[in-house]
Amino acid sequence: MEDTLFKILDYGVYGTAVLVILIGLYGALVKRSLLKIVIGLSIIDSGINLLLVAIGYLKGGTAPIFSPGYLDNPKIMVDPIPQALVLTAIVIGFGVTAVALALVIRLYRHHGTLHIDEIRNLKW
Amino acid sequence: MKKFVVILLLAVMGYYISITFFDIGFGDSHLVEGVVPVKDAYLNETVNSLNVANTVTSIVVNFRGFDTLGEVTVLFLAVTALGGILYKKRHQAGERSVLFSASKVVTSGSKLLFPAIVLLGAYVFIHGHLSPGGGFQGGVIIATGFLLMLLAYENFTVGHNTLSVIESLAGITFAGVGIWGLIYGGSFLENFLPVGTLNDLFSGGVIPIIYIAVGFKVAAELTGVIYTVLHEKG
Amino acid sequence: METIFLIFILFLGGAIVTWMAGKLGNIVQDILFLATILVPSYLFYTNVATGYAIDFNVGGIELSWGINAFGWLFSLIVLGLGAFAAFYAVSFMKGKERRGAFYLNFILSIMAMLGILMSQDLISFFIFWEIMTWSSYIMVVYNGNDVQRIGIKYFVFSAIGAYAMLMAIVLIKSMTGSFMIESLISSYTSFSYDMQILIPVLLLTGFGVKAAIMPLHVWAPGAYSNAPMAYTSIFSGSLSKMGIYGMVIVFTTMLSYVPEGVWFRGVVAWLGGFTAVFGTLWAIKQDDAKKLLAYSSVAQLGYIIVGVAIGTPLAMMAGLFLAVMHAIFKGTLFMVVGAIERQTGTSNFTEVTGLIRKMPWTFVAALMSIIALAGIPPLGGFVGKWMLYESLITSDHYLLVIVIFFSSTAAFLYCYKFLFGFFLGQEEEEWAHVKEAPALMVVPMVILAGLTFLLGTYPGIILKPIANGMQTLGYGMTQGQLWDTSIILNEWGNQVVLQPILYAILGIFVFFVIFVTIKGYKNTRYVTTKDISSSGEVPLAHENLTFSQGFFQPFLRAVEPAMRRQIDKYYTAIANGLESLFDFTRRIYTGNGQTYAIFVIVFVVILLIFKNSIFG
Amino acid sequence: MDSIWFKLLGVVVSFIVAFTVGMTYMGLSRKITARVQNRKGPPFYQNFIDAMKLGSKTSAIHHGVMQHFGPAFLMVSSVMSLMIIPVLNNGMWFSNLNFHGDLIFLLYIMVFGPLGMALGAGQTGNPNSAIGVTRGLSQMVGFEIPWVMALVALMIQYHTTSIVDLMNIQVESGTWLIFSSPFAFIAAVLAMLGMFRYSPFDIVGAPTELASGPMSENGGKYLFTMMSSASVFAFAKLTLYVDLFLGGASNLIELLIKTFVIYMIPVLYGVVSPRYRTEQSIRYFWGWPTFFGLLAILYAVFF
Amino acid sequence: MVGTPVLFVAIPLLAAFLIPLFGMIWKESVRVIPGIVLAYLLVLAINLMNYVMVNGPIVEVIAGWAPPLGINLVFSAFSGFLVTLMVFLGLIVWMYSYRFKRNVDFEPAKKYFLLLMMLITGSVGMVLTGDIFNLFVFIEITSISAYALTAFYTGRDSAEASFKYLMLGSLASAFLLIAIMIIYSQLGTLNMADIGSKMHLMKPAYKIMAIIFLFTALGIEAEIFPLNGWAPDAYAEAPGPVGAAFAGIVVKAAIYASIRIIYTLFDLSGAYDLLIVIGMITLIVAETAAIRQEKLKRMLAYSSIGQMGLVMVAFGMGTEEGVFAALFLMFNHAIIKSLLFLSGSYLVYNSKDKLIKEVNGIGKFLPITSFLFVLGSFAIVGLPPFAGFWSKLSVLTAAADSNMLLIIALVLIVSIIEVVYYMRVVNRIYFFKKDESVSTQRPTLNALIAMITLGAIVLIVGFYPDAVTGFLHRASADLMDKAGYINDVLTLN
């Protein structure tokens, strides 16, 4: 039973993460609205973060916190580094999204539309 | 047409990424043989020489504190960039672009909740080295408090300069601590304070100081972001 | 301080100071300019011994500067003509815009040419070559006419040539490990067969562009005619000789070591022959004196190339002698056009007529240069052409002789057109006010024209340096032996057989001139050229009957099939095609961010799909 | 024998002979042409009368210095040709100035005259002169090609650039070059048609079109010089042909006969042909004559 | 040793946080402080460079943890050279923009200088860092500053350019993280030297996956075709000095990162060939696109992309000569392209569309600026005796030594295209009639000083290339010495 669960998780977590990334990419590449593109980019970030944190998981591991009493009863811990990285990645993702949204506001102000095909003054 | 091409492309890419990660495997050690991972040293050093309970915090603030400094900078830059991008010549401060009337229930509730939220945030970042959470998490919680207030009250204002000063001071603290470490400890962000005992509030040397600074900074910056966007005339 | 360095420092410093000195007043600038040309030239001829070289190191590259006898020969062309042209230029540029830039580039061109001659290694050779290219380019576009077409054409062809040369240089470096010309020459025979072919091809392309050889000549007419005439005289006179200089080295060193050299010689000689023919035909067609002379330069360079490419001692001597002569008479002729343009404001035959009495000294210079150009005895061009014919016949290049002879006969057509168009024909009221050019312009012209006579009678003056130079190039012959290869030269290199003939010519000429002039001189009075019996009627004063439109129309109709296909048109077609293609490439950047993002995904997907073949 | 005075004597004597013969031939040609065209024609000595008349006339006007130079240039060309070309075999005439390369030199000096004369004509300001000159120069480029080809073929075949050498070869072998290099002869003769500028190649002077072209503003002493020059030049050219192809001549009578035969070729060709246009004339010379020239060269190279 | 490499990051960050505070007290400080910081960093860089040339690379640890644990910075001959160059250019750009657009308000001006400083800091961090995730952080610092600076002018289409940049930049960071994950999952470390030493243990399939994503991610920043859609827009729409900073600083850092990864981290020989092929395609496409441009800065942008392609080609040769050539090219390009951007933006200062035809006949009105632009044009197309010639020569020599005839031929053919479009502009500047409606703006003194400094360097290096070749040789030897790099980092205490 547990084995099958892990089997599903084996593929499931990575699969989900990759799927999220792909959905985000699809949104960013196909959707015509700037806002949807920004959302797509955010979704990519989420997928990446999911993937990142999943790398660090160890079966049966606990959170990497030496809470009181832990040292008396040590258990295997999950990898803390990806978690730290994800923390950084999330914040950076936030920063980028904020800038992206600001740009969308600027573009809307300038062009009066959010349709990406109409925002093509710079080309060739 | 374009959609199908994109889907095809993404499918190919997804396939390759997926099989790579499936091959790497989930939930067990996927390192190549003979490699000693850095995390073992981290876990070891965290509890033995830093006396910090939360390994993630020790990594974020100490081992990889440089990343975090960069990360804080990214946030700071995002706020600066936001101001720069959305700058308009005749900027009417205090005039909100989105006006709505919140109901009495919301306003009263917000007023009640706001101190609690700020308190929770402060708790989270102060105890960042002991329990899950930290400066970022705490800062975000505080910022949600301000978001709540901004949503509830049309005329709720946050001093722009105040935010800026807090932000700067927090940033200076972080960078200053780092340089202090360089001067007294020999390397940037060196933990030059005594580390105390494990699971004490005052333990981990400079880690809590930095995390508190980060907490203030994140709170101020996120509030600043919300505030700036909210005062943007479309 | 080494004199060689001092020369270049003086040139460079003088150029910059002259350029900057515009604010100090024109006179100061002029004096600085002349001093910058003359002082280093003086130093060069007094303090630099042939055969001496100095080695030094820049950026980890061994360089060597010095001069050998062959370079010294060309230095006569560069510095000699340069000095005359400089005096001319001072007067020519009076009251024009951007004198500083003109002087700067003039000096830089002279410096670069001297540098080319003094380079004993390929890198400094290339550096000076490129300085020469861009300084002359600035002169080509200097007047601002049609710069995007003519200027760019010049630069593109120069770049093609220069880059072909650069490619050869880096290949040589990778094979010999050194940039020295000596090491190239000494190790050439050990190159692989491909390289033995490729390197001369690349080098000849490089030199061929400057020497305006057939398929690479299309820049020349526009460039020569577009530059200020004071500069064109050295542009056509000296600068093009740098290509000849390089070709001579390639032919006499590398290509004489390998059997394939014969093919190169044949091909280049024939290209030179065609250049001569088509250059001449196009020159005949031109109505603008500058264009005419430009095409004529192309044609004349064709002769020189033929001589150089054939490369027998006599042919080489002919080529080099023609090179010197061409520098002199073509330099003079461009100066003449400059003088006329300065005095009348146009250089078009259809507009200017009958200047002979207005600008007599200019006419004398033009007449003598034209006679020299046409290769008519007694002037200098004849000796060169003679040696060329003789060498071609004795080396069994019979068809080439005919080609050359045809071109040289056809050259009379444009020679006549040049003289008639400007100086003869009816004197028009419109040009009644025209005065002779200033003395500073006339004197260099006349002196140069006189030189053509001197060298026609005493070619030994210049044949001596030529013989010395050819000894440096590996022609193992003494001066006397060299001169014995030609029928007409004596042991001093002067014309032995022809001298009586020259005296005879002069004697007969003078006799009949005196006869025609003296006989009834008192009764003969001068009448204007309006005073003619045109079908029994005398034309009115304002009527101009000068025949200037459609000159040589019948001849051009006869040769029309040969001129229908212009190489220029093909180049233009290629260039246009490329530009359209490039217009297409820039459309890859559609302006849509999503498209760019899709490019990224496509890139990743391609790498992913082919990852094993790329990284495997 | 080498003294300068002897050479001068040679020049003067040659000149007088050439002048006389040339004038006579030209007079004869006028007569013959007239008879063919069923006219009576002038007497054969008419040219002498003309020349005397012109020479004694006083010119009233001139158009400038080049007009003086023009005839002189022309004279230089013809006299020089005369001096270069050996008149009789075996040095039986004044050797004058012939030397080991005179064939090439001749190519040059023969075209020099027209150019110099063209300059003189140019200064007169008469448009007809200029037009005539352009035609003349164009046509010259036309016939020079076969002419040069023929000469080059001879040079190839006999490895010499000296006319004397060629003559000696003919004397020694007893075979005239007309037989040993026939194609060169054909090309040279066809080129000669243009050289003499008789109809159909009389486009330069073209009396009815251009009022005698380059000469139209010249009269008196100028025209006299030109005429003399033309007659000397005609003699020189004819002698050259005889020297090159007909084995030269051992005495003056033989020379006269041979030259007259050669001379009749252009004259008779001319009387039956209407005038060409310039481009036609040029194309004519670049057709068959050039073809024969090429044949001559091939023949010379391979045989 | 007067300082440590970490100050290159720490001091600007501290200053960045201080600027808002000082700005409240003394407004001018927002302009002055970045300049002081950059000047200090330049002094520091020169001092450290002197030290490094004598004593070998400096490896600095952060937070006192020896390299596999902590983050480390490496100031070697290679990275130090680039850092010095970047800081110098940063100072030039600062100097140029010191009084620029005096009509710009205080608020945006404050942000402009702050962001400019952080742009340089981020780039310097990218070069210095020895940790692959830290590299990611610095890339993001650089990118966000770049997005904001690109969108600096509100009146133009700059937001559009910035948005495109941001889209591709986001993809780049996503790919970079995927690659980092793959490497981390296998080797359990993020330190570049550590990764380099253990790379041979990794399964080739993972290695290839990792390098594909890393290469793509860094390729986006390094303007490789077809990943460079953002570049022309961003260059063209950003303020002139920022364009110079992009060409001279940001791209250099990205190239450094990709080269460091290919040379030090991975041991895949296919990557070198890929560099050559991609570099060549980039060169060709960019130069052919440049020839048909109508806008000046856009043309310069394409030219810049093309030059980067050439740099890639040179790096792809994999020989020390190739690296030397590439570094020389990077140096020259940084100086010359900055000069072109700086002078070019004064040529089209008042123009709205920045069209090339608007520079017609401007040489008479802006003599010095025009002269400098022409000098830059001559230098960038590689005409001797200017700086660009030596680098072009070294590229070709390196290619010849690697027997790459086709590469030589293609590079030279493309150079002809380059010549054409630069000369067209030069012709317009001097030999066309000026359009009356175009108004000109005289450069301010500070801008002139900045431009003349660059012009002087172009001339000095042209006449005396030894001024830099010594450093370049050391730097290229340093890059080639992979074992030395790993050794220096990993044997620290």
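Labels for the chains are A, B, C, D and E, by order of writing; each one numbers its residues from 1.
Everything that follows uses one rule, which is that a contact is a pair of C-beta atoms (placed from the backbone, for glycine too) under 8 Å apart; a residue touches a chain by one contact, two chains touch by 3 or more.
This one's a predicted model, so the numbers in the text were calculated from it and none came from an experiment.
*Asks:* I need the common contact partners of chain C and chain D, sorted by label.
*Replies:* Chains that touch both chain C and chain D, as defined above, do not exist here.
*Asks:* By mean C-alpha position, what chain is farthest away from chain A?
*Replies:* D
*Asks:* What's the farthest chain from chain E if centres are computed as the mean of the Cα atoms?
*Replies:* Measuring from the centre of chain E, the most distant chain centre belongs to D.
*Asks:* Check C-E against A-E and say which one is joined by more contacting C-beta pairs.
*Replies:* Pair with more contacting C-beta pairs, C-E versus A-E: C-E.
*Asks:* Approximately how many whole Å separate the CA-defined centres of chain B and chain D?
*Replies:* One centre to the other, that is 107 Å.
*Asks:* Where the CA atoms of chain B average out and where those of chain C average out, how many Å apart are those spots?
*Replies:* About 73 Å, centre to centre.
*Asks:* Cα centroid separation between chain B and chain E, in whole Å?
*Replies:* The separation of the two C-alpha centroids amounts to 30 Å.
*Asks:* Please compute the C-alpha centroid of chain A, do the same for chain C, then give the distance between them in whole Å.
*Replies:* Inter-chain centre distance comes to 69 Å.
*Asks:* At least two partner chains per residue is the criterion; list those residues in chain E.
*Replies:* Counting only residues that touch two or more other chains, chain E contributes 133, 137, 140, 144, 147-148, 151, 154, 159, 162-164, 167, 171, 178, 185, 190, 209, 232-233, 289, 292-293.
*Asks:* Name the residues of chain B that each touch 2 or more other chains.
*Replies:* As it turns out, chain B has residues touching two or more other chains at 6, 10, 13, 16-17, 24, 37-39, 42, 64, 67, 70-71, 74, 77-78, 81, 85.
*Asks:* On the basis of the stated criterion, which chains touch which? Give every pair.
*Replies:* Contact pairs between chains: A-B, A-C, A-E, B-C, B-E, C-D, C-E.
*Asks:* What does chain B use to touch chain E in their complex?
*Replies:* Those in contact with chain E are residues 16-17, 20, 23-24, 30-39, 41-42, 45, 62-67, 69-71, 73-74, 76-78, 80-81, 83-85, 87-89, 91, 161, 164-165, 167-172, 175-176, 178-179, 181-182, 185-191.
*Asks:* Provide the residue numbers of chain E that touch chain A in the complex, in ascending order.
*Replies:* For chain E paired with chain A, touching residues are 133, 137, 140, 143-144, 147-148, 151, 154, 157, 159-164, 166-167, 169-171, 173-174, 177-178, 180-181, 184-185, 190, 232-233, 236-237, 289, 292-293.
*Asks:* Would you tell me which residues of chain B are touching chain A in their complex?
*Replies:* Chain B reaches chain A through residues 2-3, 6-7, 10-11, 13-14, 17-18, 21-22, 24-29, 37-39, 42-43, 46-47, 52-56, 59-60, 64, 67-68, 70-71, 74-75, 77-79, 81-82, 85-86, 131-132, 134, 136, 198-199, 218, 225, 229, 232, 234.
*Asks:* Which of the residues in chain C end up touching chain D in this complex?
*Replies:* Its residues touching chain D are 354, 356-357, 367, 374-377, 382, 385-386, 389-390, 393, 396, 398-399, 401-402, 405-406, 409-410, 412-413, 415-416, 419-420, 423-427, 487-488, 497-498, 500-501, 504-505, 508-509, 512-513, 515-517, 519-520, 523-535, 545-547, 551-555, 557-559.
*Asks:* Of all residues in chain A, which touch chain B in the complex?
*Replies:* Residue list for chain A touching chain B: 6, 9-11, 13-15, 17-19, 21-22, 25-26, 29-30, 51, 54-55, 57-59, 63-68, 71, 77, 79-81, 83-84, 87-88, 90-92, 94-96, 98-99, 101-103, 105-106, 108-109.
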